[in-house]
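Down below are the structures I want you to see.
You will see two complexes here that share chain A, one where it goes with chain B and one where it goes with chain C.
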Partner chain A sequence: MSDDPLLSPRAKAGRAPDVFAPGGWIPMHAYREDEAVDFVIVGTGAGGGTLACKLAEAGFSVVAMDAGPYFRPLEDFASDESEQTKLYWTDDRIVDGENPLQMGSNNSGKAVGGSTVHFAMVSLRFRPEWFRSRTLLGYGADWPLDWREMWRYYAKVEQALKIAGPVTYPWGPPRPRYPYRAHEMNAAALALARGCEAMGIGWTETPLATLSAPRGRAHPCVYRGFCTTGCSTNAKQSALVTWIPRAIAAGAEIRDLAMVGRVEVNDAGRATGVHYHREGGWRFQKARNVVVAGYAIETPRLLLNSATSRFPDGLANSSGLVGKNLMAQSNQAVWGISKDEIRSYKGPPSLAITEHWNYDDNKDFFGGYSYMSQGPLPQLWANTQMSARGLWGDSLMAEMERYNHVVGLKIVGEMLPQESNRVTLADAKDQYGLPIARITYSWSENDRALIDHSLRFMARALEAIDAREIWTQDDDTCHLNGTARMGGDPRTSVVDADCRSWDIRNLWICDGSVFPTVGGVNPSLTIQAIACRTGDRIKALAALGDL
Partner chain B sequence: MRTAIDKTMQNQLVAIAAQLDVLEKGLSQHFPRREPTVRAARRLNGASGILSMSVLADSGIEHYRGSFENKAMFTPLVMSALSLAVSAHGTADSRPDAHRIRDAVYAAAALTGVVGTGFHVYNVLKRPGRLSWQNLFYGAPLGAPMAILLSGLLGVYSERLRDDRGASPTVFGLPAGRTLAALTGAGLLGTAGEAGLLHFRGAYHNPFMYAPVTIPPVAAGLLGAAAAGFSGRTRWLTRWWLRLTALLGFAGAGFHAYGVSRNMGGWRNWRQTVLNGPPLPAPPSFTGLALAGLAALGLLEDHTDA
Partner chain C sequence: MPDRFPGYDVLSKRWTPSWNQKTREVINRRLALTNEPRYLTAEEFALVTVIAARIVPQPGHRPPVPVAALIDHQLDRDQGDGYRHAGMPPLQEAWRQGLRALNAEAQAAHEAPFDQLRTADQDALLTQMQEGKLKDAAWGGMSSATFFKQRLAHDIVHAYYAHPTAWNEIGWGGPASPRGYVRMDANERDPWEAAEVKDGDVEAARRKNRHVG
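Our next item is the complex of A and B:
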């Protein structure tokens, strides 16, 4: 049998890979397909992986499936950008709209652990007001969650991932001290700090989900900077090395290379299990509850693909909102050349941050943005030069000679929800014979205003530290959210505050899709906080006999 | 596995303790009975030597890590090596008089500590964030040059002791035993402060990381009491506590070796992990200071009014 994790599943026959030991295994429970488990979870990323752990630890029987492979970071991850594209979801998708999204490396993963296997580890809390942005700030939609409750769950996730952050965080209400201390800032981060000081705004070390000290069998970060192509030391606290091993230890079963094609719903309107493709054939797993956690594109696609005569518009879609209100985050950058060597690729890519414009409301647009220091790997950098500036041949070679002197700042900006930005089904089919997603995306006037503001500001920040030849990269997005928003009203939302779908009470959605708004910070900490809360809520509902 | 490591470590500690005892007894037997002051002076040479050794190795590794970006970064290496050499000489030298070269080297070492502190403060203050945790953690360590300052001071002190001809030794007009107790107490506190800062940076991820921020400060307190003249009855406690602190210095190096092994690649990858892991030579400065403290106690015992 091949040991290529992309070809044959590793988590089976009562064992799963031990991510901390080369060639090692850990025992894993194996559930029967014909006996209903309490929960089957589709997707094992920030949402699904976390929830699998919480539910298993609460004593439920859990099977969590992922379409992607079960990697062994110590062995499978090469310091090679091309090789590591194996981490991304690169199945066919159709993109259109005025600003078609570029799909793949910058926004979706396909692996046990989901996109957290190759995410950049930035772990930020929402600004409290964003949970009620409609009421308090006049845009978007209110969340059905109270920020104080979220504050408690953020703290739990920060503990669980041993987030390394500053001793005191300059913005927002007080938070407990980060469990691990911030990492040393590289030259790119120091450049951000100098720029902020010159512009008179605050900055701090970015709270990161990578270890600044040993933890169990995981090593501390070695600052080689291959984070977004998969961390080969296990310093990165991805779901793969945190929630998943915990989930398995608590009795959950993970099934890798298991693509769910359809959620089955019976005549009574209850979910009964999932049809999934593994080892060359379609199979069925019975379950008392189904959780969809496939991220903002695959989640609505699966719900739409599971339509029945009773639910002709797809599952959980009586509001008509499944697939709508897709929100990317703006990810524009300003780049320049520094006199001194920067070698920005050394260390995690975003070691310093300013959230100034998330907390300052003196702006002529809605929403906010943070910006961070950057450390693009060489191939990505060459690609950026080619796609954003059209450099090729000699001019590209000449530009790459200056790679060590490049300094840049990049935003994570809030884009507003619009129903016209959406995921629908295309006629084309994928390798499993399932209709693929069509992703339609256009920026709003507000989105443009925010981007313009950020580019102007960051350009001044770079000028202030004497960077030369400043240019802007004005067409980039990251992080996908929305498409199954949570809310307090079944007519205007897909799930309630507990991530439980209004229409099918044993169907849950627990990933980035449930965000009503995205804010100006990276989403994964919030996704994990919501998953932890959902786990607690399910436990409480079960105790009340209300599942 | 874990307990096996703990066991060997325990055994090693016991063995080291026994050796320390032998060393102490051996040294005192070789010292001429007639000159307890010289005995104390030689002990101080020894203490200063251990500190210099710690500085030599630590600044060697750390400044190598900093690529000797500034030529001045060689200075602590040269000075601590010289200080180590003259300390060896002093430890073996039972003549009652101060030695001009030793004296000069010690003074220069102390000066290096002062200038080094200046450099390190400058390095921290020019970074964005100034006196922020980031810079205290990762800028030039403010407390590190203090170790060479202390080693120089102990040396100078030892030479002054040899010069002293009075019935109760004084140094710079102050009672030698008490002043030395106060000086080493302060040194222990400062060193514990630095360990505290760096262990805070490591988030106290291992409970043993609390040892250097608890044991040495107690020793410092006991020495303080001795300096103030309160410790007649608790002197045995002070002595044993100082011995414990001396042991801690050795044990700390062992823990740091374990810490190095927890980095990616472990000891097989020592070229990187020794640089990135906890500093191996740092903890023995506690041993050096504790031995100086024991010398101070010796002085106080031999001359009750010292």
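Our next item is the complex of A and C:
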């Protein structure tokens, strides 16, 4: 049988790949399909991978499925942008609206470990007020979670991933020291710092989920700069090398290349398991609880594709909100040319950050943004020059020769929830015969105001450090959240604070979809904190006999 | 244009700790691609070659990057991006239809197929495509601007910058696992990175680049 992880599953017959050893294996429990497991989890990324670990460690029987392959980074990952597109969700999707989103490489992963396999590792906490942005800041929606409780879970995740960060963090209430020391800054990060100082605002080393010292069998980061195409050294603390091995050690079973097409619901309105496609055929896994954790596009798609006569609008959708309030984050940038050689391809792309505009409320728009230093690799950079700036021909070739002198700043900006930004089902079908997602996205006035503010500010920050030929990239977005929001009221939310769906009490949603708002920081630390909390809550509910 | 990184060859690192085994395999396969079509017809392949020469013009003094072969390989494997704009057909169909439409536009404007136009006329048509001004019926429901930005130029640029020759041209370090990099500050160069010509001293840069490995 082929050893190509994209062609045939690796996690089966009582063993799973050992991610730390080329060709290696670890023992793994195998559950029967016809005996209900306590939890079947759809998706093994930031949400699903973390929860699989927490539930298995709490003693539940867990099967976690992922449509993607099970990689061993040391042997499967090349230092190559093209080759590594194998990490992305490249099944067909349709994008429309006034500002169609870019998907694929820009947005979602398909692998055991989910998008954390290729994420940029930036690991930030929400500003406390964002959990009550409607009440305290006047926009968006309140979360049903208390920031102090989240603060405790953030600390747990930071420990679990050995986040490397600064000794003191300049913004927000005090937080404990980061477990590992901050990474050395590259020239691109130093440029950000100098710009902030010139503008009179704070900056810091970015807290990153990549090792600054050895940990177990994982080596520290070697500053190779390929992070968003997968870390071939295992320094990156992705779910693949952290939560998943822990989950398996605690008795969970992972099934790779297992695409869930439908959640089955019985006449009593309870979920009974999932239909999934593996090794050429459709199969069924029985379960007492189903967790959907496929990220903010696939999660609503699966819920909508699982409609029955009893739930004609899809599962967990009595509020009508499944698929709605999709929120990307604005990801605009300002670029310039430095007389110095910056060589921003060295090191993780975002080694320095400012969260100033997340915490300063003296602005003419709602929400906030952070901005970070950048390190685009050549294909991405050339395509940015072509698509954002319209360059091709000799002008493109000449511009590319200055690659090593490029310096840039890029935001992660808050976009407001709008019901019209949404995921629906298209007529076209994918390779499994399932209707594909249609993703509709348009920016609001507030989104534009935030973007304008950030571009003006960052342009001044680059001017202040004598960068030349400054230009703005104004069409980019990143991250996906919000299509199954949590809340305190079944009429205005899809799940409760425990990620439990209001309509089907043994159906849970635990991924980026549950965010009511997105804030101005990257989402994964929050997704993992919520998953840890959900694991604890499920354990507590089980003890009360309330599952 | 004078070489900015004279003598730099990213392939000289192929057997160093900057390249892991997987990277060697992947790049070897890419370098072994022959310049003949597998998916496209011979005419389509020739047309892509001509278009690519406008989007990513290459100097005559070195072996060219086989852009059309790389695109053909992508089409042969039907390797899409994971999304398409409403109105855009899937990868293979979009390319076929776009190439047909471009030839139809060339016929309408100049009574000749695209690859027989003067380069200035080719560029003018590509500019009109980029601006969404081409509207021949042959485009079907596809916007010419979207085809340019999301497909034609997108795929050509990605193909070109997937090739070590292009990496040499821009002085990028290339594959870097497991060795990575050590010197992180501005104007600091690891001995296995490209040296840029400084103050017109081509020989000094060439000397350094000779030792890259």
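By definition in this document, the second predicted complex is superposed on the first by the 547 of 547 C-alpha atoms of A that agree within 3 Å, B and C clash if a C-alpha of one lies under 4 Å from a C-alpha of the other, contacts with A are read in each partner's own complex, and residues count from 1 in each chain.
Methods note: a contact is a pair of C-beta atoms (placed from the backbone, for glycine too) under 8 Å apart; a residue touches a chain by one contact, two chains touch by 3 or more.
Just so it is clear, the model here is predicted, and its values are computed rather than measured.
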Clash or fit: what happens to chain B and chain C when chain A is overlaid?
fit
On the A-aligned overlay, A:P214 touches which partner chain: chain B = first, chain C = second, or both, or neither?
first
Output check: A:K12 vs chain B and chain C. Expected answer is one of first, second, both, neither. What do you get?
neither
A:E197 in the overlay: touching chain B, chain C, both, or neither? Say first, second, both or neither.
first
Mind working out whether A:M185 is in touch with chain B, chain C, both or neither, as first, second, both or neither?
both
With the two structures laid over each other on chain A, which partner does A:E75 touch: chain B (first), chain C (second), both, or neither?
second
Report for A:S105: first if it touches chain B alone, second if chain C alone, otherwise both or neither.
second
Residue contacts with chain A in the superposition, chain B compared against chain C:
C
One more residue to check, A:V222. First (chain B), second (chain C), both or neither?
both
For A:D394, is the partner it touches chain B (first), chain C (second), both, or none of the two (neither)?
second
Between chain B and chain C, as viewed from the CA centre of chain A after superposition, lies an angle in degrees, nearest 10, of 90
Return first, second, both or neither, reflecting whether A:M386 touches chain B, chain C, both chains, or no partner chain.
second
On the combined arrangement from the superposition, state the nearest Cα-Cα distance between chain B and chain C in Å.
6
Jot down the residues of chain A that show up as touching in both complexes, chain B in one and chain C in the other.
184-185, 190, 219, 222, 233
Write out the stretch or stretches of chain B touching chain A in their complex.
127-129, 133-134, 137-138, 200-203, 205-206, 259, 262-264, 272, 276
In their complex, what parts of chain A are in touch with chain B?
162, 166-167, 179-182, 184-185, 190, 193-194, 197, 203, 205, 212-215, 219-220, 222, 233, 235
Quick check on the complex: what are the chain C residues that touch chain A?
1, 4, 18-23, 25-27, 30, 54-57, 79-86, 90, 123, 126, 130, 149, 153-154, 157-158, 160-162, 166-167, 169-189, 193-194, 196
Looking at the complex, which residues from chain A come into contact with chain C?
74-83, 85, 88-96, 100-105, 108, 184-187, 190-191, 219, 221-226, 232-233, 338, 340-343, 345-347, 377-379, 381-383, 386-387, 390, 392-394, 396-398, 400-401, 403-404, 438-439
